[in-house]
Amino acid sequence: MSDDGAPVIRIEGATKRFGDVVALDDVSIDIGENEFFALLGPSGCGKTTLLRSIGGFEQLSSGRILLDGVDLGHARPYDRPVNMMFQSYALFPHMTVRDNVAYGVKAEKLDKEEVAARVDGVLRTVDLEPLADRRPHQLSGGQRQRVALARAIVKRPRVLLLDEPLAALDRKLRQEMQIELKRLQHEVGLTFIVVTHDQEEAMSMADRIAVLHAGRVLQVATPQELYARPTDHFVAAFIGKMNFLPGRVVTGGVDVDRVGVVGASVNGHLEGADVWLAVRPENARVSSDEGTDPSVGGVVEAVAFVGAQVHTHVALDGGHGTFVVTSPPGATTASAGTRAYVSWSPDAALVLSRP
Amino acid sequence: MVDAGAAIAAPAPLRRSWRGRLTMAPAFLWWVVFLFAPLALILVSSFFKRGPFGGVVYELTGANFSRATDPLYLSVLWYSVRMAFLATLICFLIGYPAAWFIATRPSARVRNALLVLVILPFWTNFLIRTYSWIVLLNRGGVINRTLISAGVIDQPLPLLYNDFAIVLGLVYGYLPLMILPLYASLERLNPEVLEAAEDLGSRPFRALRTVTLPLIAPGIVAGCVFVFVPSLGNFPVPQLLGGGRRIMIGNLINQQFLDARDWPFGSTLALLVMAILLVLLVFQSRVLRRSREIGIDG
Amino acid sequence: MAERRRTSAWLRVFMGVVFVFLYLPLIVLVALSFNDAQRSVVSWQGFSVRWYGEMVRDEAILGAVGTTLTIAVVVTVIAVVVGTLLALGLERYTRSSVLDGAVYFPILVPDIVLGIALLSFYSIIHLSLGIRSIVIAHSVWGIAFAAAIVRTRLRGFDRSIEEASLDLGVKEIPTFFRITLPVIWPGVLAAALVVFTLSIDEFVIAYFTAGQTVTFPIQVYSMIRFGVTPVINAVATVMLAFSMLLIVGALLVSRPRNAPAPTEDEVEAEAEEELMPA
């Protein structure tokens, strides 16, 4: 949040319809100054539509978007102090790197020295100076991306929109660019709104994340909170890995179908409501005896040693599929085919609605 | 490397802006005034009479149509259809192997170079190309002189001012128009389909007939239409290469308009040509539609 | 399709014959134009450029050339401007396959039909026959050709660069001139060259709509019909050369440049190469 706490971008009840398809359904989000904010979700969830609406390339069917408290309305992209880095980079193929970057600044009718100074400054910031006279087709994917960034940053927008910035890069480059983008954002001091479908990316880069699905915002929170306390089944499944057990709320726990009552904190849920009992793999343990913690029995299917972790796959009673337990190496492992109990500490489990 | 491509490949949302549609307006306006109106005019003219000094007298009559069915004119039409058909057939017999040859060159560079070489003569003046055959086919022309001096024949062959010369001129003029669509269709053909046919027991000629030709039908039909229609309405070739003794419908229309100054009747004849064109286009679109249904993108 | 077995020798011979068929007449014409003969004699009498000299001195021919070029230039401008706009509209603002197909109709209409139709039309609207009437007639198919050619260039066009231009502060119309047009320029140029070439070579439509005006093809036609001197061979050769140059130019200009993006390593290697002394 900025100094006076007011959000830079406020999205109020944004709804967008394409014919019969509802791409955005009453979305409301606040984004603060200098935040690295991510719109995360699977393809078709509306995140790109939302981004484009902020940029002025789509018009909302209803709702509004406020920038510094001012309704952007139907303002055209060139009238918005917002700039976008396109997924395809959209570099002008017939211009050099320098001309690409200078393009938007020249449109602001500054004098020549000012333009040159700004352009040179940005080229230095993204480390593109030696390539300034090349054309896009002579650049690699990573270099093109930096040009696209530079071109947007040089305009000093209030907000920078990035549409799947890392999608076109190979894995090694992607990880480098994640760090690079964070560094850039701090150095330049801009608010970034990034659209991505990759939850690992969002989790590692963003200050806060909005998870979208089918046009709706499911949860807005910091990465840590999204991971530890997802408020929705979809969010819990989408972020990281999660084990789910279906059941109904009873006093003091969840009556897991065909298993029995498992103790859990059910505050905020009505008795009898259908819920999921959700446990992260690393929060669970496998042991041969039941113990006092909430637990469910089953048969060990397989034990896999994956790098720095041990994955134990247990086929639970009640036919609820495979429960995965992750433990550090060296923990005692059960052998496949034996009967075992999967347990977790009471506050490690989540209870989520099951519509 | 996947999503950037996907972003470009997804069709851009259609902006229903009237301003955008305005870009198409000048072209269509031009065509309404200078294409459709004139065509409508000749449709209408064929119902009117010829004025005493040329021009049109606005009295309705069906005389033009009954006159057009006069055996004299019908024979001209029939002759034109025959010649155009011959030209189309020969273009196909020459063009198909040629297109096949080009399509089966392994190097794209070679294929493109060959295509350019095939097309190049087409972009030059049709009259000049027709004239060049006069030089070649004349009694004292290059071919005869060469054959005589080589001792192959004693007397010069009558190569000019006959049906042979006319068909030759038409084929020469429009051959590239047959080769290009055939090539396009052949290039898209999956060779494995042919190999499958042969594997299942089809000898090459049967495979050609029952597998290849149906699959490249859109290309064949396109090539035939591109050759047949201009050949039908052509008038320089029969005039220059046919010696003016044989007239095709193009010459007839020319005569009616510029010599006899009977515009209504000339329009009627032109309508006949247009009618044939439309029938062919309908046929072509049917073939195209059926091909699309079974999955060939002609 | 291109990975087939060895081609039969017959087919190669056949192709050779086909190319001889296509080019022999042209070669003969060119050869004859340099033939130092009195009349249209077909035996070689020696090398001479006198026919070219006569051609250049012939006022009728020069006048026809001038007329033809004037017409071609105007037709090209009209066709390219209107055709490019049409191509943009078809590609972006409509999904109608009917409209798409309608664009090819002017090309399919037989030239004799178009010629007489326009002749009739001009007399009704009292438009005098001359350069203007020919320009209008040629533009009818010129627009269609230009639109078809520019359209192919528009197919792979990444529209996000236009959005990027808007995003960076440039409005729609300047964006068209600074971004869209330069990128589709090769297609526009190719369209211009093709339309220009077709217009200078076009005979039948001009024949009907010219009235007293003489275009170059019309001149050639009268020369063939009424008075054949060897000058015509020189004329033919020049026309051939000119048309071919234009078309080869059009093809070169419109070659697609579809090189995939180089990888980081490739770019580094290239940079190193540049630094090393040649």
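Observations, loosely collected:
To keep things simple, chains are lettered A, B and C as they appear, and every chain counts its residues starting from 1.
Assume a contact is a pair of C-beta atoms (placed from the backbone, for glycine too) under 8 Å apart; a residue touches a chain by one contact, two chains touch by 3 or more.
From a predicted model like this one, the values you see are computed outputs, not experimental measurements.
Applying the stated touch criterion, the connected components after chain B is left out amount to one piece. Among the chains, the centre nearest to the mean of all shown protein C-alpha atoms is found for C.
Ranked by number of C-beta pairs in contact, the top chain pair is B-C. Farthest from chain B in terms of Cα centroid separation is A.
Mean C-alpha position of chain A lies 54 Å from that of chain C.
Remark: chain B and chain C have CA centroids separated by 18 Å (rounded to whole angstrom).
One simple way to say how far apart two chains are is to compare their mean CA positions; for chain A and chain B this gives 60 Å. Across the assembly, chain B contributes 7-8 as residues in contact with two or more other chains. Of all residues in chain A, those that touch two or more other chains are 86-88, 141. Counting partner chains per residue, chain C has residues 158, 160 touching two or more of them.
Chain A makes touch with chain C in their complex at residues 55-57, 76-78, 82-84, 86-88, 90-94, 103-104, 107-108, 137-144, 151-152, 155, 173. Residue ranges on chain C touching chain B, taken from their complex, read 1-4, 7, 11-12, 14-15, 18-19, 21-26, 28-29, 32, 40-43, 81-83, 85-86, 88-90, 92-95, 99, 103, 105-106, 108-114, 116-121, 123-124, 136-137, 139-140, 143, 147, 158-160, 197-198, 201, 203-204, 208, 217, 220-221, 224-225, 232-233, 236, 239-240, 243-244, 246-248, 251. The residues of chain B lying in touch with chain C in their complex are 7-8, 12, 14-15, 17, 20-24, 26-28, 30-31, 34-35, 37-39, 41-42, 45, 55-56, 94, 97-98, 100-101, 103-108, 111, 116-121, 123-129, 131-136, 138, 140-142, 145, 172, 175, 186-191, 225, 229-230, 232-236, 239-240, 250, 253-254, 257-258, 263, 266-267, 270, 273-274, 277, 281.
Residues 158, 160-161, 163-171, 179, 182-183, 257, 259, 261-264, 266-267, 270 of chain C are the ones touching chain A in the complex.
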